[in-house]
Each structure stands twice: as structure tokens, then as C-alpha cells.
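Pasting a structure here, questions to come.
Chain IDs A, B, C and D follow the sequence of writing; residue 1 opens each chain.
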């Protein structure tokens, strides 16, 4: 297993002068039912602050006021407006589904809808309750090599069938080979598996062990994939920077609120810009 | 009566490296009717910033937008969705009921519901209007030794029957012996009573005499009990630090807004970390 | 006409140690219809930051989410819940009516209701559209000497019948004698009239000429009257400090947003504390 | 084509002492349907922070909570309340229509309504989806010389019929001559065309290539026209300062969130004040 280092941030290149918001990708985030709107809001903050060119959130309409109050830079679409969802998804470069999605019938329908809608050039991130839904269901991934799962250890157990105690590199890698998707296995030392390699994130701290840290990472990965190459290196950079910023914040904070990580993104991305 | 000192903050230990959000506890906060949503929002901010691993708020659905706008890190459950409430409460380590709860039929039902739901390992904090409801009712505490009341002097009069002028250490302690629960008697010099001891907080300032200071303290106690031992020492630390931070803020502020105390929690907890 | 000076701030006394939120007054703010909620929110921010012990807002329920998102320290009551309004108003020390109230039938009813409810110890501030409503109506002030009007020049024209060009000290004072209420006549050099004196505020700057500056002043006056003596000196201090803070902000800001004035209140009140 | 320089900011004059909010103009912003409320919120923030005396937003009522939560300084009117819209528009100095307006029947009706309402002294800014609606329709501008379009390159293609690759100075100028309105053609080097001149903005950076940058510029132009002369020089200054501030922010930020530009406006306008 390779240990990530600061070099993995070299994908954060200086932006070309002649560019517009389309240059940096269109990201669609799907989640946030009527009860759990906070998760998708945190993903959105991470995605916008990470530099996604255009960010649209498909969510329950009860979440629109809070989303706009925190992040007017994102657009917000009612997930019952299928026609508008269709047009938004059709032009997406990256889709994230899962934060606060829930696991009811509506959530399952949305996941199936995304599987039907995804095209071969669209990257799909499956997070949170969408992982559990996928694990329970029997649908196949349309484009495994264009898919990343971001489970924590219990979600990985559901998805892979591997008990937490048995989640070794070798066994994880074997399941990755079956799934073909990239795996971001979140823990106090997050691991990333793709079809050739396994990576370990050496950074992170226990102040990050609070609700929303994973939603924020998922949004960052989406924002990075929107503007940087569709590769495991881009995912590695998001994982590494997420913990790097949290470690900076932890020097002065017993708890690291995930929204603070998002707010610090533009500053640290500039610092590491090549 | 023992006077609290900075030593009481020694429960704020360095977090273990190998941890996840479950390590730092699941807290459920119940309050905020359609009119008085601000109180439960302030408790939530204190609880999350104090480091509760996972914070869920059971409240009237009209409060969800403001709660998510201020604190997306917390989850929000409609208190009419009993099935969801059941599952959230079943996994709680600490329950706080009362801030902005009101005193109508619905509020009474919720308090009774919590008394029926509490298990022997769950710590229960009873604050604000829930204290008045309990005082008026005739229900018994399911687990007195796992319960803390956080009355101000008038609420203590209602609960204990002791008139404010008569609230001496000896008489307060006697009523505590009957109730068996821990008492945090809020005043300009807050006192804490458990079955063996009485403590007095020497800190605090008149800039804190503004709406929400008590809701914030209740949220802090919940967040501390979620991650630190279920003991009076943990409650003492929350009371002491709440006033300590307020005293720092009062050096430059005529009024100390309670939300400012919450925002300063991660910084000061880091400072006092052992 | 006396020119106000820094000495007028000497009413900002150090708070007594043995105090609680009731010590610093209960303020009720009434305004904000379904369209114009921003005005009452700005008054609320000023009132809370100025140090009112307990602040309750009676407003259209559509304004609750934004009010709680900005200022959870204030309580919020639906103005259609007459029973709750009754109990809130019964315990008020200071009542402010007008910011964003509108001038329709509902607004008129609320103003009449307040006139019926006011008791002889409650101070009443009439601002914004409530001034126009009063001018159009034929109701008498219940307690003129416990009432302050805060008109800008056009509202003063409506209230007094004096055209803007004719609003000289002598004529203004004459109308004040009829009304008996205190008048805060807002302009680029605000004047204050009570039954014995006229005062002029020498401070202020054109960066304050933006929507919400008056709503903020009205909220500050309410917050000051809640905790300091019910006298013209208290009103003078609010007027002077409002402009003093704005002048500090104007050194670095072409426009002075009124909410920035409110946010700076605790700091400057501490600076001037006797 | 003339290149803009810092001299164009000389229209930012010191404000006259004897002034009130009316002195600095009444601006009405129209946009934000039930889904895309963020755009009009960002325009509003720019307009208020730029110093418009009084700012009113006509929008879908679902956007009121988020608008008030972020910017209580602005008033908010439901666009279905035609009577209130009438009275607000009748007193406007500047009208902006388009951000997040959408392109459905309701949006088209609103645009037609504005064309019918505009008077010869009111400046009209047409942005975003209102440009596409105008391009599709067959209505004439009531006062072309009092109108500015703010298209990006694709919207300019729709409006002018000129393909992006063919949008040269000469051809753009020719279409401007037909339209007679001023054109702000947004790109990484924004161009401004009026009936006599063409200007190019030399500033700006690729960190601005994110959703909301255009909405913010439109709001700034509105705020500038409200208080400064109705001339192309005023529009030039808004375009130049928008990029100037973004360039300052880009020194420390990989992405420049548009709301950060708005928040920095009072500071930079003061710096450049003559």
C-alpha cells in the first residue's frame, strides 16, 4: 500500500486564463431528504469551495431555504421535478448521490434513476445511504470504472460483505476487483483502492470524528473531479487535502467542524497551486 | 460547598487517534416548538461545537430551515415522525429535552414519551419548560441517577417547592436527596448538587444575563456527557468552561451573546486539553 | 438646541454582578409582514446586541426562519396567535411597533391592539409604518409621556402636518408639546424633542443612507430603554452611539450596512462603560 | 477598443453630507424562481453592498427566507402580488431583471410587464435568462438608450445572432448600433459597447469562473447606476471594480466566491473614493 504525500496535490494546477465556468465542470449533487438536509448542504459547500464551475443540488424542496442561505452560489432543484432533473443531469460532468438521501422508496427510485441516466463520460460518486441502498439492491453499476464509492467501515461491510475486523488490504483489494469501482474506505486512516493500487492517507486527526466530515469529503471529491482529470490521483488529492486542512485547524480546535474545512479550501488550494 | 477551579477542566482529554464519530457519542436534543425555535438551535450549536460525535435534533419541522442554515452538522427530525424518533432515541447516549419545548399538550406528550423510552445507559438532561412540565406532572424519573435538571432559580422553586429566598445549600441538598438527580441550579453563581457534594461556580459575569445563555449551557452539558464520563465532574467542567469563555468575551463585550460562547468552544477546549 | 456629546453615553453603566436576564428588561418588537421581514430582523439584531435581557418578536410566521437563522437569541411569536401575544406583551418593559409592519388592515389592528394593551409602566416606541398609521387614524396615545416616535422627515410631515421645509426647531417643539411624546426626528443630523428640551446629534455620515439604518436605530432605542432609565437621556445615548459606531465603520467603508452597526454594539458599549 | 484603467473608478465620489437613502437611488431586482433563488440573492448582496439607497427584490416567495437570512437590508416582494409590484416599480430608479428568472411562461410575463412599466427615466438592466427570453420574443425595448444587456458569450450569440467565434469588435459594435442598448459582453476579458465606444476590461482571473459571478456583476451595475450617473462610465466602473476586487481575492484564493466580492465592496469603494 502506498502512503500518500504532499506530492499528490500537484494535480492542483494553475487555471488557464481563457476559461469560463464550464471549463471547471458541472457537478450535480443528489441527497437531503426532508429530515436530513444538513448532509447535502455540507457536500455542496465543499464542492463549491473546491472550485466546481457550476454546482446544482437535487434535493427535497424543504432544504432550499437553508441551502441558499448558506451557499447561494449553488443552484437548487426539487427532486420531484423530473423534467428539470433530466436536463440538469444530462449536462453534468460529475454526479454525487447519497448524503442525507435516506433509504426509503423515494431514495431507491432516485438511485435507480441515476443509474439509468448516467452516461459513459459522467463520473458517479456513491456516498452515504446510497451505498447501503446499492448493497441491498441488485442493480449493476452502469460504468464501474467511472464510479467511486466512499463508504465508512460499516458501509463497506454492507457493500463488500467483509466484516470490519477482516477489512485488510488484500481482502479489500479483492472485492474492489469484483466491483471495479474505485473505493474510498473512510476511517481514521482512509484507504483508496482502484484496479491497480491501494493508497493510504497518513493524515487526519480525531477532532474530525464528528457528523458531516464524510459528507464534506464526498463534496470535495466531486468538486475535484469536476475540474481535474477523472483519475484516482484526483481522488487521492481530495482525500489528502481534506485531512491536511483538518490537521491545520486541529492545532487550535479540539473539534474540527466540517464546514470550516470547506471554508478553508480556496486558501489552501491556492497555497498548493502548481 | 466546594468552589470549582480550572482543575475541573482536566476531563477534557486528548482524543484517541483510532476513533470515529461514534466514539464521541450520539446526542439527541428535543425542543423548539413552532414559536420558540431559537432555544433549541442555540443548544444544538453548543452541543456540536462541544464535540458531540453525532447530534440529532427532534423539533417542530418549521425549525429545520434555520437549524440547517446555522448548523448543517446537526441532523433534524420532525417530532411528529414517531417512527424516526424511536430509531434516533434508541441509539442515543445522551438526551436533552426542554429548550423551547413549550408547555402545551404536545410538549407533555414528548416528555412522557422520553421517560418511557429512556434506557438505563442513557443520560437525560431536563431543561427549561420540561422542568416546569415535570414539576406540574406526577411522573417519576425512570433513572434519577442518570438524570440532570438545569433549572434557573424560578424553575427550581417550581420543581423543589423551595422559594427563591430560601434556596440555601442545606435545603437544596435535601431536595436533591429526594430527587436523586443531579441539579444544576443556574444563577449568577451557579451551583451543582449531586448525591454527595455541592459545588459552586466562581466565574460568570452580568453580560451573560441575556436570552439563550441557559440553552447554550444545556447543550454544552449534553455535548460533554456524550464524550466524557457520565459523572458530576463532566457537568462541573461544562458549567465552569461556559462561564470561563463568557468571562473572556466580556473583556471586550458589554453583552455576551450565547452563540459567541458556542463558537469559541473548540478553541478553548483545545487550550485546556490534557 | 443642545448638541449631544460623548458625555451622553454615561448612562451605559457597569452591570450589577447579582443580576439575571430579567434585570435588563423584556422587549417586545412588533413588525415584519409577509413581504417586509428584513426591517424587523434588523431591529431585533440591534435590540439583542444592545443588551435587552429578553427579546421577543411578534411578526408574520413567514419571517421566523430568517429571524432564527440570524438571531436565535430572540424569540419569535406568530402575530395571529393572540393568546401568546397577550402573555408576551403583558410582561414587556418596552414595546416597539412599526418596522416592516405595513399599512394594511392587519397592521392597523395590531397598532390598536397595542394601544389597548399598553400599561402605564411600559415604554412604547412607534416607528416606520406605525407612524403613518397613527397619523392617518384618530386614536389617542394611551401614555404620551411613555411614548417615543422615531419618524424620518416625511413621516414627521405626516404625523405633525409640518412640511419638511418648515421643520424648524420652534415649530417641531410646538407640535411635540401637543403630542407630549418624545420625538426622534431622523435626518442627516437627527434631532430629539421632549417636553423640555431639543437635542441635536452632531455625528453620522452619508454612508448610513441605506435601507435599514432607521430600523436598527429603533431596535437600539428599545434595547437601551429595556435596561437603562426610561428617560430622554437613554434615547439620546442610543442615537449618539448609533452614529458614533457608523462613523467608525465609515472610515473603511463607503456604505455602512446597518447590521454591521448592530454587530459592533457589544464592543463599543464595553468601551464606553462607566 | 479602449482598455479600462483605474481612472474609470473616479465616478466613485464622496457622498454629500446632506443626503438620505433616496439620494442614492431605489433599485428593484427581479428574478429567482422557485428553483433558482441563489442568483437573485447574489445580485441583491452586490447591489446593497455597492450602495444602492433602497433595494427591493421581486421574486418567488419561496426565496424570502434565504434572502432575509443573508441580507435583511433588502426588501422582498412576492412577484404574484401585482399591486405591490406596481407600486415598487413606479418609484424605481433602476430595474434589473433576469438572475434566476427562468424561461417559462411566468418569466416571460414578468419581462413583458417590465417593458410595459418602464418609464423614460428608469434604467433597465437585462441579465441571464431575461436575455434569452428577449432574444426568443419579438418585443421592442421601450427605451434602448436606457437599457443595458449583460450577456455572456452564448447569451450574446442568442441575442445578436453572432456565433461566439465571430464575436469581433466590429461585428459586435454593428449589432449594438441596431439594438441601441449598452452591451456588457462578459468573458474572461469583458467588453462594453455603447453607441460611440467599445471598452475592454483588462482585469479578471480564472478563479472567477464559478456560478454567480455574473449575477454579482449585474447587481453591482444596478447599485452603481442607482447612485452614480446613468452613463457608460458608471457601467465601466462596476465592471472594472468587480474584477479588481476579484484579483485581490485571487492572491490568496484558488476560487473567488462571488459573495466574497460583494462583501469586499464597501471597503474598496472607500479606498477609491474621490
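Keep this in mind: a residue touches a chain if its C-beta (ideal position, glycine included) is under 8 Å from a C-beta of that chain, and two chains touch if they have at least 3 such contacts.
Keep in mind the model is a prediction, meaning the values are calculated, not measured.
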{"item": "Same vs different contact residues, subunit A with subunit B, by half of numbers used", "value": "different"}
{"item": "Chain of greatest Cα-centre distance to subunit D", "value": "B"}
{"item": "Magnitude of the superposing rotation for subunit A and subunit D (Cα, nearest 5°)", "value": "90"}
{"item": "Separation of mean Cα positions, subunit C and subunit B [Å, integer]", "value": "34"}
{"item": "Where subunit A and subunit C are represented by their mean Cα positions, the distance between them in whole Å", "value": "48"}
{"item": "In subunit B, residues with contacts to at least two other chains", "value": "65-67, 69"}
{"item": "List of subunit C residues in touch with subunit D within their complex", "value": "34-39, 41-42, 45, 62-63, 65-67, 69-70, 152-153, 187-188, 205-207, 209-213, 250-259"}
{"item": "Complex contact set, residues of subunit A against subunit D", "value": "12, 15-21, 23-24, 48-55, 61, 64-69, 71-78, 81, 84, 265-267, 269-270, 273"}
